[in-house]
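The two complexes that follow have subunit A in common; it is paired with subunit B in the first and with subunit C in the second.
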Partner chain A sequence: MERKDILLVEDDDMMAALLGHWLEKEGYAVTTLKNGLQVKEALCESLPDLIISDIMMPYYSGIELVDHIRNELKLELPVILISAASNDENVMNAFELGANDFISKPISPHELLVRVARTLKTMKA
Partner chain B sequence: MMTKNQELLLESNMNTDRHYCNMADLNAVLVDCMGKKALLEELVILFKKNISEFMANTREHLKNNDVEGIGFTSHKIKSSLKMMRTQSLFQIAAQMDAVCKNEIDFVHLDFLFNQFLNEYPSVEKSIDEQLKML
Partner chain C sequence: MLWDLTLLFSVLGALYFLGIFYFRNKISFRSKRLVDKKKELAPVISNFLFHDPSAPIVEKKEYVELKINIRNELGNPAFRKILTEILVDLQKDVAGETRERLNELYYDLNLHLDAYKKLNSWRWEVVSQGILELTQMKVVDAYSFITKFINDKRSTIRKQAEIATVSLRAEGIAHFLDTTRYSISEWQQLKLIETLRTIEHFRPPNFKAWLISSNRDVVLFSLRLIKHYNQNDAITAIIELLKHKDDRIKTEAINCIKEFCVIKAIPILKAIYWKTSEIIKIEILDAIATLGSEDDIEFLQKVAKKESGFILKNKVAMAINDIAPDTVLPTKDIIPQNKLSFEAEEQSVFGDESALKEEVKQIADSETNTVEPELTEEEVGEIEVYEVDTETIFTANEKETRSVDENVAEDTTESTFEIGPVPEELDESINAEIGLLTDLAQEEEIESLQNKGFEKAYSEMEVEEKDKFVDAMHDTASQSDIPLLEEIMEDEPNSELRFRIFKIIKSLGRNTEKPTIETAPDKEIIENHTQFEGTPKESIFHDLLDYASDLESKIILLEQMAELGDEKELPLLFMLLDDEDAIIQKKAEKTKSIILLRLNGEGSEKSIPIESNGDMLKEDEKPMQTVAPENEIVPLEHQKELLPLELCFLYDELDISPPEEDHLRIDFDFTEEFYQAQQRRAAIKE
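Then we have the complex of A and B:
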């Protein structure tokens, strides 16, 4: 089976280590970056199959990242946003800008993996 | 399958009940780590690093009356605290986050931050003790 590339954008090393472990154990190839600016540069080089990004990060938020991907790069690349601040405004902003899914912290491994698989399947269909 | 030490730790958690749970719960974190102790140890190191950065940055933001900065650091640290099940520290950070969003009271923020500083050493001690027992 083809190994899917996931770009994980998380400035908290602790969260990145845990999410990365869950995803790799499931068989995904995971690259971790710490902020949206690094992602902008990375996307010029190659495209992953899916991006999972925290919303609240220094310099460049996850919401700005989705805006960049959808409105500047014009890419359909699936994006799942995660945040501890699961207020309506954040969620609505994320979906209005074209995020494919939103997961509220704390995240369980089961929820993450189900949502990742579902998003990848939806994009393939 | 639980080791003898894990069983003892679980029993000790149950005996000391709420106080111990307030400190941290490495058994729950070990479950998150899918039983991998090396990952748990890595998370503990990263947790301590995050706390140290939170303390240094918040101290600086308080000195500069930078409410946006305090709000950001308080919000960010909540994930790490929740991950380690450090209920008491999580509540303090959540209050700091709320004060930054709602009332913006630096005396209150200073008070909460000092509470965090006072509480943290016992949490770290509890984490170290639990880690040794696992």
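Then we have the complex of A and C:
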């Protein structure tokens, strides 16, 4: 079975390590980046199967990243956003700009893996 | 001096900037070190968190080495501090099993001991931080240490301790409510309820136990918890708290009563109403609106009368409307009903009958409801029938609609409606509403009102005008004018005019309204009379009428005919009833009536066998009613009481009273000449 590449964008190392650990344990190939600017550069080189990004990041927020992917790069790349502030405005913004899913903190590993699997399955179909 | 000051401030400025630079660098260094440490510790903590005991030996070996390294590092307070920060931050972002493992790791590494030390600090923020850390990392052992701070003087520590106590153990809420002596702020109450909500498998204690607490905030918080957890077994205590001095407790008790629909609390609510503040009054009115019945409307009306404030009056109106919808309706700037009714009538006159029909339907409904407030199914069916029938009052066109309705009703198999007559009461009310007069008494009443207007106008007339009026009445009056004429006659001082009016009345056949066997001019009687007579030419007036060229002459002849005529004139009069001239027709009708009356009087004396319905009896049949013989005229009961008008006039003129008993029983007939002679005599006297 082909391993899916997941691009994880998280500025908190501890959280990135935890999320990466959960995803790798499930069999995904995880690349961790710290902010949106790095993602922009990385997307020029290769495209992952899925992007998991925190919303609150320095220089470039997760919502701006989705906007860049959908409106500038015109990519249908699936994106899951993570945020501690799960207010309606953030969620609505994320979905309006084209995010595929939204996970609010605190994150349960089980919930994360289920959502990742479902999003990948949906995009494949 | 100036240079000295310059130097001093320059040094102070330099020290200030140096200080800023130092602390900034220190903070930056610390955060950088923290980030580095996080990077370093991230895989270590991940390994600790996700270590699988069944993992290969190589992984187990790595795990043991990491643990040894961590233990060595834990001797360093700075490392412990950083590690604690990492774990606490991470604990916020993860949930479920990972969080539990983090808590275990925190406890295993004895990091909670540092938190215990913080509890002994003299600085309130350190103590508060220690309590928060222990609470977040779910160190249940710290429960007994933290509960000591529930009654701490420092509010921040106290609040943190309250949340920790409630959070760490299920029985924490009971301990807190038992021991707290301080007030509990509204925000704190919300946070405590939120904390309780996050506790898994939490079984709330019976909070009514704290309704007797001496701490008002505990009572208030308990009431809120009772409402939150629907503990409706505390109703008696809650009702008792309605009498509490504290408005907040009263308000919360009323809220509980509303929540649990405690109807038996309404009398208490009414009783305390007059002694409470406006806010509580509003709450009570809300509660009565929610729980009250029609029995409480009287109380609400009383409140509406006594209260002067708009808010309370408005609340009362809302409560009444909640209990009995549409009882209190807007009154300000509303167009009066009579004006609207007038407009509705106008609309119906110009063809828009639908609104009026609807109104009548509603009236019919309301009338029915008023008569029978509780109806069985059958009765409801009857009401529907009445609705159909009321529609027939309007126009003939409606009959078509009704017939359609009836067809529909017949087609509907489930319908049990029956088409029946409108009940008398309902019919009268509908007729009264739409202006139809069905009652004879009502007609007479209206007629008498109109007559009074005529009477007044007549009494103000000059004698000549009255003369003309009587002439006109002589020509045009009909039987409907008899009441008016009688009233005018009673008030008329001039005897001549009075006599003429009397003659008119007599000619109109007033007596026909009270028919008797002797006097009733039934159509059948008339026909019987006509059967005996021959042709119109047999009347002596026939040729005279032919000779008369103008209308006036014909009328005079007809008057003469009325005075002198007999049954021979009847065929002629029947012929004149078909005359082209309406006046002649009318006059002929009157003349015919007078002659028939006269003939009837004679006929009775001749013992004509007449049945009550006027049909002639056969010779061998026995008459149903005995007719008095000629010499034994016995007046009917009402005739005994009422003397003939001519006789009355005579008694008046001569100023004498009638005998108690008329032994002679002679029927006097006074002529016009007699009265004229009387008048002349009176004029001579004057």
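By our rule, the second predicted complex is superposed on the first by the 125 of 125 C-alpha atoms of A that agree within 3 Å, B and C clash if a C-alpha of one lies under 4 Å from a C-alpha of the other, contacts with A are read in each partner's own complex, and residues count from 1 in each chain.
Here is the rule we go by: a residue touches a chain if its C-beta (ideal position, glycine included) is under 8 Å from a C-beta of that chain, and two chains touch if they have at least 3 such contacts.
Note that the structure is predicted; figures quoted are calculated from it, not measured.
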Have a look at where A:Lys105 lands relative to subunit B and subunit C in the superposition and call it first, second, both or neither. both
For A:Met56, select first, second, both or neither according to whether it touches subunit B, subunit C, the two together, or no partner. first
Need the overlap of the two footprints on subunit A, from subunit B and from subunit C, as residue ranges. 12-15, 17-18, 21, 25, 84, 105-106, 109
Which residues of subunit B touch subunit A once you look at their complex with the stated criterion? 32-34, 36, 39, 42-43, 46-47, 49-50, 72, 75-76, 78-80, 82-83
In the complex, subunit C residues that touch subunit A: 35, 38-39, 41-43, 45-46, 49-50, 86, 89-99
Interfacial residue positions of subunit A with respect to subunit C in the complex: 12-18, 21, 25, 84, 105-111
Looking at the complex, which residues from subunit A come into contact with subunit B? 11-15, 17-18, 21-22, 25, 56, 58, 84-85, 105-106, 109
